[in-house]
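There are two complexes below, and they share chain A, which is joined by chain B in the first and by chain C in the second.
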Partner chain A sequence: MEEPAGSETLLAKVAGTTTRTSRRNRLLANIALYVVAMALALAVSSVLIVAATEAAPFDVFHAMYEGSLSRPSAIGLTLDRAMPILIVAVGGIIATRAAMFNIGLEGQLMVGGLVGAVVALKLGLPAGAALPLTLVASAVGGALWAGIASLLRFWRGVDVVISTLLLNFVAIEVLSFALNKSWLLQETSSNTQKLPQSDRLEPAYQITRIGEQPGFSVSTGIFLAVILAGVVMFALARTRWGFRLKMLGMNPNAARAAGVSMAAVGGGALVMSGAFAGLAGGVVFAGTAFRIQPGYSANIGNDGLLCALIARRNVAATLPVAFFFGAMRAGGGFLAATGVPRYLVDVVQPLLVLAALLPPAVLFLWDRRQALRLARSEADSHDEPALIGAAA
Partner chain B sequence: MVDDTPPSARTGEASTSPVAAVELKGITKRFGEVVACDRVDLSVSRGEIHGLLGQNGAGKSTLMKVLLGLLTPDAGTILINGRPVVVKDPLAAAEMGIAMVHQHFSVIGALTVWENVTLGEPGRLDGKRAIRHVTEIAERYGLDVDPLTRLDELTPGQRQRVEIIKCLRRDPTILILDEPTSVLTLSESEELFGTLRKVVLDEGRAVVLISHKLDEILNATDKVTIMRDGRVVERAVTAETDAAGLARGMVGRDVVLRSSAAGLGLLEEAERTVEQRTSATPDLDATGTAAAPVILRVDQARHTTRDGRTLLDGLSLELARGEILGLAGVEGNGQAALEEMLTSLIALDTGTVEVDGVEIRTGRPGSMANAGVTVIPEDRHQAGCVLGMTVAENLVLDDVQRVCNRRIISPRLIRRQAEELIEQFGIKTPSPNTPMASLSGGNQQRVVLARAIRREPKVLVAAQPTHGLDVGAVEYMTEQLRAAAARGVAVLLISTELEEILSLADRIAVIHRGRILGVVDRADVDLERIGLMMGGHPA
Partner chain C sequence: MNDISVILSSAIRLTAPLAFAGAGEYVAERGGSLIISIEGMMLSGAFFGILGSSVFGNPVLGLMCGVLGGLAVAMLHANLSYRLDANTFVVGLTLNILALGMTSFLLETIDMTPHRAGQVTVPLLHDIPIIGEPLFVNRWTIYLLLLAVPLSWLVVQRTRWGLELRACGEDPQAADVTGIDVNKRRREGVYWLGLMAGLGGACLSVAQVGLFNQNMTAGRGFIVNAAVIFGGWRLAGVIAGCFLFGFADALRLALPAVGYTIQPQLLIVAPYVAALLALCFFAKRNRRPEALARPFVRGIT
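Up next is the complex of A and B:
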C-alpha cells in the first residue's frame, strides 16, 4: 500500500509527464492558448480604441508594429528597450530559482543607476576606465539595496516579499534626495533654477552604439545582456552553485540536510538578483537615458520582474519575452507620437502583456485540476481523505 | 482479568445504565488489503470513562473515525442508546451527541477563544451570548480560559481546553479524546482527568479515552479495551488489571514467536555486537563482550520548540560500530526531533552530539552529513529527496562535488554514477533523467537508500524505513540495513513497529517523552518490560 501523496507530488507528476504524446499535446495546447489570448487582447483593445478615439483599431495596431518591428531603426529601438529588461529578468530568475521572491527589482535598479551615475559624473575618472567602473558600481549599488532585504530576512526573519517591496518606496525617496542635493547629483548648470536631475553623461562616457540613425542602430549593451543571460543559463544548469540553488528552491529541508545554507546560498541569490537589477540601472543610465531624473527607471525593473515570472525558471525564455516587452515599449512610444492618447497606450500595452501571461496560468490551473482528480482517485482507492492545497 | 464475555452480555450487568450510550458491533474497515479494524466490538456506558489502548496502527483511530462518520465501515453496526444508527458524516455524528477532541487541534490561531468555540455553528452569531456561555462552561468544569484571548496566544494545554469547551458546548452524550495528554504537562494532564471525572459522574456522559500511556489508562479509566492489529485482544475492568497486564496486551505475545524466528538468522551478528554502556538497567552489564568502539554519542540532548513543547528531554544514547540499535517507542515521543537533529535540520538547546569522538555542531546545514551521518528519513519528501529534480540529481544531492570537475557538473560523471547506483540498488526508472516525482514510493525510497549507503557513512539512521512499502521492498530494505551493519556501519533504526525492531536490532532502546527510558539487549528481550517502557513506566 502506498501512502497518499501530497499535492506537490501530484502536481509534479502531472506537470512532469514525459510521454511524447502528452508533451506534444502540451505544446499544441500552449500554442492554441497564445493565439486565443492574443486575439482576445486585440479584440478588447479594439473596442476600447473605437470607443475612445473613433480611430480604426487596425491603424493603431499597425502603428505599434511600425514603431517596434517594421524598420531596422524600429528594431534597434526595440532592442534598446529590451536590453535592461533582459538583464533584470535574468537576475530575477536567479532569485526565483532559490524561491526568494525579490519583487523590489525596480528599487534596486533605481539605486544601482544612481550609484553608477555618482561614479560616472562625480569622480572625474578618465573616459576609458569610467564606463566599466560605472557599471560595476551600479551592480554593487543594486546588490547592496537587495542586501538590506537579505540581511533583514536572515537576521530578523522579515519576509522578503514585504521588505523588497517596501524598499522600492524608500529607493524613490533616496533618488529624490540625491537629485535635490547639489553636492550629490543635482545638475551643475548655470541656471538659477536648478532642476532635480543629474548632469548629462558626456558621450565619451556612454555605452557605445552600433550603426547610425535613421538606419539600424543599437546600444552594445544588448550584447552584454545576452552574454549575461548565456552565462547565467550555463551556471544554473551546470555548476555546483546552480545545483544547490535549485535544490534550495525546490526543497529547503533536503538542501539543508545536504549542507546548503539558506542564508548563504538563498541570501546570495537575492543579492545577486539585486546586482543584476542595479547593473540594468547602470545600463539605462549609460546606454539610453544618459541622465538620472525622478522616475528614470520607468517601470523597467517591474517589467523585468514580470518577464522573469513569465519565463518561470527558464533563462532561455527571457530572451523572447524581454524582446516582446521591448517591442511593446517601442511600439507604445511610437503610438503615443501618432496622437493616440497616452492612456489608451497604457491600457493596450498591459492587455497584450496579460495575453502573454494567460497561457502559463491556464496550464497551471489545468495541471492542478488534473492533480486534484488524481488525488481524488487515489483517495478513493484508499478511502482516506487526501488534502490538496494550492501548490506553492 | 481478561473479560471474554461479549459486550452485549456485559451491558446488562453494568449498574449505571441498562443500555450502553454507544455500542459498536462487528465494525470492519479495510484499506486495500490492510484490515484496519477487524470485527471490533466496543460498548461504552453513560457515567463511564472507557480507555482504548493500543500501539500505532492498532486501529484505534480508524474505529473512532467510523464512529464520527469520517469513514464508512465495510461491515458492522453502530447503536446509540440502543438504537441502530447510520453515521453518514461528522455533522450527523454531532447531532447524535458524539464529539471528539482531536490529537492535532482543529482550532484557528487568529481567532479568539469564543470565536473558535462557535465556529461552524449554524444560525446567527450572538457574540455576547456566546462569550457568556463559554465563561459559564469554563467555570462549571474548571477549564480556566479567557474567551477574548486569541488562540495563538495560548499554550497547547489551554488550546486543548478550548477544544473541550467547544465539544461540551454542544452537550454531547459521548466525548472522545484522542491522545489528549500528548501535548500536556503533568499537572495539566491531572486537571484534564479531573474535568473528565466531573463530566462523567455529575452529568452521566460517556467518555472514550484513546491512549497508549499505561498510567493514564490505569488512573483515569473505568474499563479498558486493548486493540492490536485491528482486533480487540482484551477487555477488562481497569481496577482488576495492572500495568504489566496492559503492556502484555498492547505489545502481544505472538510477536515473540515470529520475531525470534526471524532473529535466528541474526544470531551471529547479535553475538558479535553486544555492547552496552548506556545501561539503564542492571541486566545489561552482564553481556558486555568484545566492545566495539562507540561511533555516535548523543549526550543529554534537549530541544524545545518555539511554542514551548519539549521534544527532546535529556536524551542520551550511544551507538557502536557495526551494531543496529533499534529505537522503539510510540509515535510522537521525540523520534521525529531526533531524526531531524541527525539530519542537521534542528539545533539542540543543550547537550552534545559526537561522531567518532568529534563534537558536531547541530543544526548547521550539512554538518551531520559531512560528519558521516546519513539519514533515510521517515518522510522522504520532507528532506530525503527533491521531487522536481531527476533521479540522477537526487542520487548526488548531498555530494555534488563528487560529480564535478572543479565546480562544473560533469554530465558524464553524474550519469555514470546514476547508472551504477540504479543497477546496484535495482531502482526501477525509465532513465536516470526521469523526474523523481514519477517514480513509485518504493523506488523513491531506493534512491534515498542508495544515496545514503553510497556515501559510506559511519552512522546510518533509518526512520520508519519500511513504512508504506510492499513486502518485497521491506525485505530489500531490511537486507540492506543488515549488510550495512555487517560492513561496520553503526545503524540507528527508529521505528514504531516493534516487530521490525525485534527482527533487526542488536539492542533496543525505548524512547518516551523525549528521553531514553531503558536499553535492552536483543538476547534478553522481555516484551512486557518494553511494553511498560513504551507506556512510560521506567522498568
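Up next is the complex of A and C:
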C-alpha cells in the first residue's frame, strides 16, 4: 500500500502556505478543527450517556479522569497500559515508513507472547537469565510470524495486507492450540478440570516494578518502551537504513534504481515490526498479565496499529497517542467500578479516535480546494485551461 | 435426519450470514476498497435487526432496520475514507470497536422482546434425501440470498456502474481520466457492502438465533474478508469460500457430538491456510484488483 506522501507538500506549495501569516492561520485552523472535532465526539458520547443511563455525562468523564490521571497510582496504571501499545506502535511505524502495511500486529503480539511464555515457563532457566531471554524469545517469535508474510511477499508476491490479515486468525488458533496441550502451555494445576491457560509466572521472573501500590507504581517496561522509541526515532532520521526505508516508502521505483533491495529493506522492516509486536506480547506477559489466556492480547496489537497510523510516520507522536490509549484503558477499568456500563469506554474511545482523524483530512480537502482556485485564476490570466486538470 | 444432513444443515445456517456480507465485500473490493469494518456492519445489522423487530413487532421490519444499521456504519466508513481521505484500516478498526461498544452499551440499557423470522418448508423438495432438509427447510431469510447474490454479480458485471466500479479497482487514475468520479464509485460500493452486511447480521440475529448477544458476530466479518481472498475476487469463489468457512465451523460443532475427536483448532484454521495457499499457488487465476486498498488522490500516480 502506497500512501501519497509527496502530495501534501506539493499542495501546500500550490496553496501558498509558505508565507508567515498563512502558516499561522493554518496552525490556528488546525487547533480549531481539533477542538471542534473533540467537542463533537464528547457531545455525541454525552447524548448517549444521558439517553441510555441516569448518570450525568460530567460524572462519567470525571470517573474516567479519576481512573487514569488523577492520582499517582492512576498515572502508573495508565503507563502500564500504554507500554505495550507504544512498543507495537513504534514497530508499526517502521513498517509503514517502508510502505509495508502490516495489519497483523495483533497476531504477531499473540505469537510473541506465546513463545516468550514457553521459554519462561518450560525451560527452567535461572531467574536472572530468564527475563531477558523471555523478551528476546518473544521478539523472535513475533519476527518469525511476520517473517511468514515477508516470505510469501517476496517468494510468491502475496500482498502483505492480505497475508498479515489472514495470519491474525491463524495466530488465534495457534494460541488456542498451545493453551489446550499440557505438553505445551496448559496449566499444571492439580485440578481435574484444567483451564485453557498457562501457569502464572513466578514473581522472580517478572519485569520489576518501581514503587508500591497504593502510591505511584509502574512497570520498568515503560522505560524499555520509551528507549526503543528513542532509538528508532534516531535510526529512522539519522542512519542510512532509515533513509533507505523512507525512500522505499516514498518511491519504490526510485529506491530500486538507487540499489535499495526491496526484499532486504522492505521485508526486513516487516520482520522488524513483527519483532516489536512480539516483544510487546512478551512485555504484556512478563509485565502485567503474568499468564497467557485465550484473549490475553486484548486488542493491544490493534490499538498499537491504530496508534502508529494516527501518528503518521512520526515516532515522537506515538508517545502521546499511546499515552492516550493507555489512559482510556485505565479510565475504562475505573468507570466499570462506578456502575456505568463499562462498554461506554468502547464508545467514547473510538469516537475520539475518529475525531482525531478529521482535522488532517479536512485540511487536506481545504488545501485541494485552494489549489484548484489558484490554478483556475492562473489559467484565466494565462489562458491555459489545461492547468485546471493538472493542479486539481 | 442422519448425521450428514444435520451437519449440512448447520453448515448452511452458518454460511448464510457470511454469504450476504461476502457478496457485499466482493462488490466493495472490486472497486478497490478493502473494508475491514464488515464486523462492525454485521454487528450493527444484528443489533438493529433485533431492535427493529422488537419495536415494530415484525421480523420483516426488523430485517430492514438491520439493513439500515449496516448501511449507517458503511456510510461513516465510506465518507471518512473516500471523501475525507482517512486511512481505511484506521477507520475500519475504529468502527469495529465503536460498533461493539455501542451495541453492548445499548443492549444493557434497552429492553427488547424480539420477534423471530418464521421457518419455511419447501413442499416436495424437502423430501430429497440428504440435501433436502438442509436446503429446503430453513428460516425464510436465507432465501434472500437467491436474490442478493445474483444481484451483486449482475450489478458488478453487467451494468455500466459495475464497469466503472471495476475500473476504479483496477486503475483509478485511468478511470479518473475518463471522467469517472473514483471516490464516489468507491463510496457507492461500500454502501452496497453495508446493505448486504447489515442484512447478513440481521439474518443471523432475527432469523437464526432469535435474539441479540453481546459481540454475537464473533469475528464473522473478518472471515468474510478471508473468504473474498479465498474466492480470488470472483463471486462464485467468494460464496464457495463462505461455505467452506461455514462448513468447517459446523464440523467443529458437530463432530464431537457424533463421536469423532479432532483438533478443533486445526478445523478452524484450515480455511485460512487454504486461502493463503490459494494466494501462493494460484496467483495468476486469483488476481486481486490492482488498486486494492490504495487510496485514490487525483494527480498522484
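Remarks
By definition in this document, the second predicted complex is superposed on the first by the 340 of 392 C-alpha atoms of A that agree within 3 Å, B and C clash if a C-alpha of one lies under 4 Å from a C-alpha of the other, contacts with A are read in each partner's own complex, and residues count from 1 in each chain.
Note that in this section a residue touches a chain if its C-beta (ideal position, glycine included) is under 8 Å from a C-beta of that chain, and two chains touch if they have at least 3 such contacts.
Just so you know, these numbers come straight off a predicted model, no measurement behind them.
In the superposition on chain A, contact of A:Phe223 is made with neither chain B nor chain C.
Using the contact criterion defined above for the overlaid structures, shared-chain residue A:Arg244 touches chain B, although it does not reach chain C. Looking at the shared chain after the overlay, A:Met262 reaches chain B, while chain C stays out of its contact range.
Of the two partner chains placed around the shared chain by superposition, chain B is the only one that A:Asn253 touches, whereas chain C remains out of contact. Of the two partners chain B and chain C, more residues of chain A are touched by C.
For the contact definition in use here, the residues of chain A common to its chain B contact set and its chain C contact set are 1-3, 6. Interface residues of chain A facing chain C in the complex, by the touch rule stated above, are 1-4, 6-7, 48, 52-53, 101, 103, 152, 155-159, 161-163, 165-170, 173-174, 176-177, 180, 299, 302, 305-306, 309-310, 341, 343-347, 349-351, 353-354, 357-358, 361-362, 364-365, 390-392. Every residue of chain C that touches chain A in the complex is listed here, in rising order: 34, 36, 80, 84-87, 89-91, 93-95, 97-98, 100-102, 104-106, 108-110, 219, 222-223, 225-226, 229, 263-266, 268-269, 272-273, 275-276, 279-281, 283, 288, 292-295, 297-300.
Looking at the complex, you find that chain A touches chain B at residues 1-3, 5-6, 8-9, 12-13, 16-18, 238-244, 246-247, 250-251, 253-262, 381-385. Residue ranges on chain B touching chain A, taken from their complex, read 29, 31-34, 70-72, 343-345, 365-370, 375, 381-389, 393, 397-401, 404, 407-409, 411, 430, 434-435, 437-438, 440-441, 467-468, 470.
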